[in-house]
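Next, two complexes with chain A in common: one pairs it with chain B, the other with chain C.
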Partner chain A sequence: MLFGLHWDTAHGDLAFAASILPMLLIGMWVTIEASILGFFVALIIGLILSVLKAAPSRLIRWPALAVAEFIRDTPLLVQLFFLYYVLPDYGIVLPAFLTGALALGIQYSAYTAEVYRAGLEAVPHGQHEAARALDLPARRTFTHVVLPQAVPRVVPAMGNYLVSIMKDVPVLSVVTVLEMLNVAKIIGDQTFNYMIPLTMVGGLYMILTIFASALVRFADRKLPKRGIALR
Partner chain B sequence: MSEPMIRFDKVEKSFGTFNVLKDLDFEVARGEKVTIIGPSGSGKSTVLRILMTLEDITGGAVYVGGDPLWHEEKGGKLVPASEGHLRQMRTQLGMVFQSFNLFPHMTVLRNLTEAPRVVLGLSKAEAKDRAEELLELVGLTEHAHKFPNQLSGGQQQRVGIARALAMRPKVMLFDEPTSALDPELVGEVLNVIRGLSEEHDLTMLMVTHEMRFAREISDRVCFFDGGKICESGTPEEIFGNPKEERTKQFLHAVLEGD
Partner chain C sequence: MVSWTDYLVPLSQGAWVTVQLTFWSTILGAILSFAGGIGKLSPIRPVRWLSVTYVEVFRGTSLLVQLFWLYFALPVAGDAIGVNLRLPPVTAGVLALSLNIGAYGAEVVRGAIQSVSKAQYEAAKAMNFTPRQTLWRVALPQAIPEMMPSFSNLAVQNLKDTALASLISLGDLAFKAEQLRNYYQDSTTVYTIVLFMYFGMALVLSVLMRLLERNVGRWRGARR
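Moving on to the complex of A and B:
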């Protein structure tokens, strides 16, 4: 029994599969939530990191570069364990799900920061000069001249990271998050049938990532990018 | 008319160890149309870029309308200009770029109304009226709702001119406005600039390789070489009877085909 639901081991494989599908779907929902939350954390921390990494002052730039390098060079699992087991020693106790999503977001922020940088650098220098010649304030230049030209360039790459994050969610099972793989493993442990739940996880994952990729392509198509030269 | 519109006072500009401008003294009177000619690397574009505050100076002082551009007075002393001072000074100047630098994600109309609305605080209707007037001036009324990449290079540069004019500058800076254009598109841009040159109040400073055009519209032509003004005079003097050997060589080289 899991989530108050029962599996059916008495009427063959199909009946068993049908009986555990609702449980796996509950796990899949957790996977989706963790992906989306992790993705937003990665988008926000990544933007902050990319701005800090480009800061004119070395006092800001160097620590930011060091942090980004550290994040990139250590495994997600190590970071996850660190957040889950070390932070409580300092009085910060987060639910496993939040810790997991945060770890995913932090790990991927190092990558999204690079995507932001590439997107911002792809906006020609002449655009900044024209904005300056017209006396547009720095903030207005960023929000109305630079960002609208940078965002369409970064959406496809960001979308790929959303799919990657999704596929890294099973790592969260080691800190007790009941995402799809963990649910399948528990079912296997209890019924001694791993074959069917794990196969179903693979199938459900495929459906999930295909759907997510389609969503990214859709968002990319819908973005206002008239006039912007994309390679 | 005592104070010149633009004055360079012993201006130095270096990029690392390379001195682009050396001890440059240079003046443009109010309403004067001045053309700068010279070989590439002679510092002629740098003069415009310093005025537009896209490059700072490493020595000397620049005055626009009598006020120091790169300095401001604080407690009776001249100190390097703050961003606020630069912003205030910049409103007097408009620039047309060699590569147009239009905002590609905005329609022609938005390109023309963005800065007047944000910087000058015009209402949407006022900015639109002004933009439409300018589009008529540059002959692009029917292209208001197109995006820059739907226009030819010549049309884009005319939008660039209109965009700079929309801020009502006292000084217009033209940085090789036709150098990036196909030969058959140069004429339409020059026609617009020619029209502007008939406005008495507008001070114009242009860097160009269009010698015939420079001769036609300029009050004065300056030949730059090695970060200095080598020779300056009326178009007749410079093109008809140059005194300096370097000027003669340069004109001989560029006018060979004419």
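Moving on to the complex of A and C:
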């Protein structure tokens, strides 16, 4: 029994699969929640990192570069264990789900920081010069000229990272988060049938990533290529 | 009282397993990348379908799901058809890691081959090259240097992914770290050392990949 639901092991494979589907869907919902929360954390920390990495002062820039490289080069699993076991030693006790989302966000912030940088750099230099020629103040140049043109370049790349985050959520199962894979593992442990739940998780993941990729492509198509006004 | 130096021996043993795991799965992954990437461009339809399915399935699902499937579900499938498919953790680990990274690599290989300019293929055709000669002597020598930066990233990705193999009780660095933590309850020290060990290995791997990249870069302008 899981989530108050029972599995049916007496009436063949199909009945078993049908009986565990609701449980896997509950797990899938947790997977989606964790991906979205982790994604937002990655967007925010990544923005901070990319600003620090471009800071004029070396005293800020170099540590930021080192931190980003360190995050990028170490495994999510180990970062997650670090947060999960070390934070409580310093009095920060978070629920496993939040620790997991935080770990996902930190891991992917190293990647999103690069996306921000590439997006801003892709705006042609002439645009900056034109803004200067028109005597626009620096702040308005950024918010009204550079940013609107950077956003359409950033969105598809960020979307791809959202899909990657989704595929990394099963790692959170090691800190007891009941996402899809963990649910399947528990069902397998209890019924001695791993084949069906794990295969179903694979199938559900295919559906999830195909759907998410289609959504990213749709957003990419809908965004005007020449930039959107952010007002 | 234990000092942090006491952790170094077991952790180095784990790191050695991680290195071997990374090495074999990167080599096997590279072979799968070329097979999948070239297969996706094959004129033979079943080969193309097989490659597309492989890439989509392994890119569309989570690595940990693939690892668990190979380790926990495959033996059950084997029993059903009367074959023993009980893989030892090392085999399941290397297989899952290389199948996963190979699917990502296949997209890199396909993209690089397609980015070779059309004139090159036309010239090869004009010189009466067979398709095989065109692939080996014209397309690949120009495409492989283009693949190298992406392959470097994938190799580091693969090194990081090996940590997941600890979850099917493979005694790699992450596994040893968990053991030490259970035993000494000193998570801060253990995990800090482990993070830096992974970081060090990734830096070395990046340097090695850059050397390889420079070496392969010479093919671009080679006249033979």
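We take it that the second predicted complex is superposed on the first by the 225 of 231 C-alpha atoms of A that agree within 3 Å, B and C clash if a C-alpha of one lies under 4 Å from a C-alpha of the other, contacts with A are read in each partner's own complex, and residues count from 1 in each chain.
Keep in mind that, in the parts below, contacts are C-beta pairs under 8 Å (C-beta built on N, C-alpha and C of every residue); 3 or more make two chains touch, one makes a residue touch a chain.
Everything numeric here is computed off the predicted structure, so don't read it as measured data.
Of the two partner chains placed by superposition, only chain C is touched by A:P170; chain B is not. For chain A, the partner touching the most residues, choosing from chain B and chain C, is C. When the shared chain is aligned, no partner comes close enough to touch A:A118: not chain B, not chain C. Within the superposed three-chain model, A:L21 lies out of touch with both chain B and chain C [touch as defined at top]. Shared-chain residue A:A55: touches no atom of chain B or chain C.
Of the two partner chains placed by the overlay, neither chain B nor chain C lies in contact with A:L47. In the superposition on chain A, A:T199 makes contact with chain C only, while chain B stays out of contact range. Touched by chain B in one complex and by chain C in the other is not one residue of chain A. Residues 124, 126-127, 129-130, 132-137, 140, 144-145, 148-149, 224-229 of chain A touch chain B in their complex.
Across the complex, chain C is touched by residues 70, 72-79, 81-82, 85-86, 89, 166-171, 173-174, 181, 184-185, 188, 193-195, 198-199, 201-202, 205-206, 209-210 of chain A. On the side of chain B, the complex with chain A involves touching residues 52-54, 87, 90-91, 93-95, 97, 99, 101-106, 114-115, 118-119, 147-150, 163-164, 167.
Interface of chain C with chain A (complex): residues 56-57, 59-66, 68-69, 72-73, 76-77, 80, 156, 160-164, 166-167, 174, 177-178, 181, 187-188, 191-192, 194-195, 198-199, 202-203.
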